[in-house]
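I've put the structures underneath this note.
Okay, so subunit A shows up in both of these, paired with subunit B first and subunit C after.
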Partner chain A sequence: MTKGRRGLGGFLADFLRGSREGWAAFLFLAPAIAMVLVLRILPSTQAIIDSVRLPNGSLGLGNFTFLLGDPGFQNSLKVTLLFALIVNPLQIALALALAVLLNDRVPAIGLWRTILLLPVAIPQSISAVIWSVIFRPDGPLNAVLGALGLPEQRFLTSVDQALFCIIVMVSWIGVGYWMTFLIAGLKDIPASLYEAATIDGASAWQQFRHVTLPQLRRPLTFVLVADTVANFLIFAPVQILTSGGPEGSTDLIMNNLYTRAFITNDAGGAAAQTLILVAVVVTIVSVQFRLMLPKEGQA
Partner chain B sequence: MRKSSFVLAAAALAASSLMGARAEEVTLQFLFPSGNNGLEAAVAEFQKRNPDIKIQYQPIPFAQMNSQVLSRLGTQDSSLDIYGVDAPRVAALVQRKFLTDFSSLKSEALAAFGQKPVETATIAGKMWALPMWNSTQLLYYNKDLLKAASVPEPSADPTKRLTWDELLDEAAKAKAAGAKWGFAYDQVDRYYQLQPLFESNGAGPGLSGPDMLTPTVGSAKWIETAAWYGKLFADGLSPRGVEPAQSPQLFASGQAAFFYGVPAHTTTFLKATELKFGLAPVPYFEGGKPVTPTDSWMIGISPYSKHAEQALKFVRFITLDPEGSAIAAGAQMPANKVSFQQYAQRNTEVGGAATAPFASILSYELANTAVSRPHSVGYVAFEEIMNKTFSDIRNGADAAAGLAKADQALKAAFARLQ
Partner chain C sequence: MSERPIQPARSVAAVLLAAIWLLPLWWAVVSALRRSDTIFKYLSPLSVWTLWPRDFTLDNVAALLSGPFLKAIVTSVFVTGMTIGVGLVLCAAAAFALAVFRFRGQSVVFACLVVSFLIPFDSIAVPLSSVMRQAGLQNSYLGLILPGLGNGLAVFMLRQFFLGIPRELGEAAMMDGLGWWGIFHKIYLPLSRPALIGAGLILFVFQWQAYLWPLLIAPNPQYRVAAVAVADFIGQYDVDFGQMFAAAVLGALIPMIVLLLFQRDFSSSVASSGTKE
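Moving on, here comes the complex of A and B:
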């Protein structure tokens, strides 16, 4: 009973000694280890090998140098970073605002939450087809603008507007989803903290700034990281709405990667691009984790 | 006695196992783009005639076809036996060793399909797929919209076809007289339908060289033709933001005066009871030659299939067999010459005066104006890059700048092909 917190090293030592406890631990861990091997380690290893295999069969870093000099890839990276810079703060701010709003006593609160969450239940491909009709130059959105006396817009056919149309569509899907995590976080905040703040004379904004936000740090960190990763991997809406156009203005990295892998059949280039994408995402997520660490003196 | 009963038992066992083997059902997986009801009927008919072979027909969206084939055959997936092969992709699939050699069927194929489709399926002297469908284009016109604009109906005689300038002039008149759109493309932005524009204007297919791996899309003629294409949309004669799947509806609902599309839409348009339409041969550029696109889906067998013999039996049924190919075609144009005659006659008679010139136009175009897409291992990349470029030009990009970018992208993509 002295082996309460022995860690993986202890179990490994037991296993290597052939002890019963070591074997039991191994058997419990085996399915997870097998899954990690088959679903993570092997494909990652394969991607690394493919990324250094050049089209002529030799090995080297040529795929990476080709990509870094490729205007199509450079544009895709630029568009993806711009997209991430806008869509992540926007979605999180909206999700947080809606979570705070729907955490109060609003009439028919269940109905509002369901309506906001509903787009997640619709397959992304179907949502994209619906939005493609909405955004058509002769579609219903322009009809509404016309009825309001506003000029018609080109939406998905405009280099300047297409990326924002994608942002609107993916936010329509995502905001309600991320909101549910934040509502769960809000429910966990003890009411006594708000009571104490009220007694101290804190205004609603001060309560939000000094009670709600610090207490929401953990769910917010999760939403920030998961939303960032999800938005880096957006594919179906782009493929269906714009195929990356017009003029590459919506060529998000997953669309570019898909085209390279499955349309132009450049397996080596696609594997190298996957590794670059992973590196970019890991870097950004690491920075986010660091930024969301509690400051000294905070819980 | 004991010996004879042993022999008897062994014989009975052998007979029963043989019977078991004969009764064993083979299941074949068949991958093909969705939306073709003819194939479902052909599968049912084939299974009725061959109860020991079951065809698992997997219809998938057209856009996913290439990626599905690449990912499954790239891992040597033996469960995929038969699949649809888009005619210009034969070369790339052969290069990756994803097709079975059909050369032993070449003389039979020549008799069934004629020279041109067999040539498309032939790479380096070997035939790799069997043509199932063929294609061409028709110019559909809305009789009421032309009448309202006092525009005469175009002639159905291929030797008296309109020039593009004449057509656009008439389309503009129809638009001025109330048509929402003067002219609409069926497969807008797709190289398949736009190649004839460039060929008719003397710009060529956009690729040259012995392996068709040298881009020529930056030439003056290409820029001139692409600018002409972009102007259609900039002038509001044709709609922006409408995808190919939504295009036929523009004509069916009476919004477009002229529509440039595949013959299969005749069936669709006949169902639109309010629509009065006619057929004409597609226009050409003055000073150039009339050109129409051709070829369509072929059928190939995976070299990793464990049931190649049974797979070939099914492939023969939907391609070489006149009866099977007629069923498999549905509303599409069969490549098989015998089934084509039946198809052409049926479609000529189905719509009375509206479809009367159907057979004569199709036969003329297939024999005189059909031009295949380039046979090249780089075709898939070429088509992808060009389709995106056409889309950009439709949306307002400068033709010269767009084509210069395409030229650069093509050179980079071809340099990666080995």
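Moving on, here comes the complex of A and C:
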């Protein structure tokens, strides 16, 4: 850690002193650093400039105050928060249940895991196109409901149901992916812990509660953080299934930003919104990075 | 350890779940293989024909492949291929520098690099598109490819793998007169096949999935990628559902095949980064 505190300055100092390793390291890193500059720093700078430039040409924070007071933006925040509060716990609970189910004692186990993992490989836009037909009033889902004797639903055209349709679809996509991380975590739990618990007469539920869950803490936290970022930036499903409607009930933050930037053409507001978005994401991603590193002393 | 006896209830649950997961895809495949006007015909009442193409035809596929969609698939293959080729070298070189060299501030450079790339690209796509438009990269392959080249997860995974390769190997090679570049591509890269496959998959999935960025940077139909071309069907006034499903299936098929081929590497490499104690 003390080595790290000297920071970028230390790297540059070594490099400028002309130490041979410093030079070589710089050459190997240069393309990646160039990419960070072009793909992250440059657009962030652009967003900062655009966000403080007001329509009348002066500089100020007007774009931010306008954005925060905009009912459309406030609604989008509410929808995004509601979405996050439902979709993240739901997906993690499902992924955990699937991981435990598909950990062992099932024939052809790899096949079932692969099937659950398939949707994550498919572009979200393509999944959305398929589900847009599934959710049609005359589509297969209502046909199934009808066959079960249940009333037909409006799904994507209903203010109350549209967001849940999107939750169902993105969970179909993502759950198998997060399951993969948790299965890897399950494999790392020493069998001796379960043997000891069995000898103590612990039931299956007690074993899950007192051995599996505590042992999975780290992968579970990682999945929670990574899943939160992924769900925060959902765009293609919303744009394709509902365009944020009906009545803004599915207007997640990326769709709101896209609309602001390219439909209402509010460049300043869009830049301000981008900055807020990036600030939130950087915070979550920094936590994710810490979780990815092996624990201290185990490099 | 996995030799424990099979549980019937558990097995039935696994098969049922897998069937539910497969159903939307299966229905898309069946719909692609029947006449456009019969896609909603066999839904109620549900019957065996709901899930099997009674009016089997390849017309949808044939019509699709004679149209602009084939070009979109080719564009996606090209853009994704370039991303993997160039991106792997770029990410591996950075990972090599961060794993093998000793310089001050290394851990900070590592953190900055990985965290910047972990910031999901879409969050910064809107201002980047205006920067790139000013640079004249609108409607160009370069514009489509660039964002996929730097990937935090790939750099991270490759570095972890490189750290496991004994430094003595490189030092011995240096005695024999090999330079850093030689050590990198003659010793480290050949030893890192599994990590390279894992990183390649990450780059592949990112680029094949890309939707928002192609929408912003390449509005010209000439540069349509498959993920956008499939969604284009939705906006049409009179949707040809047969062709739409054929397009969805074709656009999904390539990544599914890639996943099936490399699933083992994917599971071991991706899942092991970030979950280890």
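The criterion applied here is as follows: the second predicted complex is superposed on the first by the 241 of 299 C-alpha atoms of A that agree within 3 Å, B and C clash if a C-alpha of one lies under 4 Å from a C-alpha of the other, contacts with A are read in each partner's own complex, and residues count from 1 in each chain.
In this text, contacts are C-beta pairs under 8 Å (C-beta built on N, C-alpha and C of every residue); 3 or more make two chains touch, one makes a residue touch a chain.
Predicted model, so just to flag it, every value in this text is computed and none were measured.
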Query - First (subunit B), second (subunit C), both or neither touched by A:P219 - result: second
Query raised in the report: Between subunit B (first) and subunit C (second), which, if any, makes contact with A:G57: first, second, both or neither?
Result: first
Query raised in the report: Just subunit B (first), just subunit C (second), both, or neither: which does A:P43 touch?
Result: second
Report task. Of the two partners subunit B and subunit C, indicate the one touching more residues belonging to subunit A. Result -> C
Query raised in the report: After superposition on the shared chain, which partner residues are touched by A:G174: those of subunit B (first), subunit C (second), both, or neither?
Result: neither
Query raised in the report: Taking the superposition as given, does A:L156 touch the first partner, subunit B, the second, subunit C, both, or neither?
Result: first
Query raised in the report: So, A:D138: does it touch subunit B (first), subunit C (second), both, or neither?
Result: both
Requested in this report: Check the residue A:D188 against both partner chains and state whether it touches subunit B (first), subunit C (second), both, or neither.
Outcome: second
Requested in this report: Have a look at where A:L98 lands relative to subunit B and subunit C in the superposition and call it first, second, both or neither.
Outcome: second
Query raised in the report: What part of subunit A is shared between its subunit B contacts and its subunit C contacts?
Result: 132, 138-139, 258, 261-262, 267
Report summary line: In the complex, the residues of subunit B that touch subunit A are 63, 66-67, 70-71, 74, 92, 96, 180, 239-243, 246, 380-381, 384, 388, 391-392, 394-397, 402, 405, 408-409, 412-413, 416-418
**Report entry** Sites on subunit A touched by subunit C in the complex
**Finding:** 1, 3-4, 6-15, 19, 21-22, 24-25, 28-29, 31-33, 35-36, 38-44, 46-47, 50, 98, 101-102, 104-107, 109-134, 138-140, 143-144, 146-147, 172, 176, 180-181, 183-185, 188, 191, 218-219, 222, 226, 229-230, 233, 235-236, 240, 254, 257-258, 261-262, 267, 270-271, 274, 277-278, 281-282, 285-286, 288-289, 291-292, 294-295, 298-299
Query raised in the report: Can you list the subunit A residues touching subunit B in their complex?
Result: 55-57, 66, 70-72, 132, 135-139, 154-159, 239, 243-247, 258-259, 261-267, 269
**Report entry** Complex contacts: residues of subunit C adjacent to subunit A
**Finding:** 1-2, 4-7, 10-11, 13-15, 17-18, 21-22, 24-25, 27-28, 31, 40, 43-46, 50, 89-91, 93-94, 96-98, 101-109, 111-124, 126-128, 130-131, 146-147, 149-150, 155-156, 163, 180, 184, 205, 208-212, 216, 226-228, 230-231, 233-234, 241, 244-245, 248, 251-252, 255-256, 258-260, 263, 266-268, 270-277
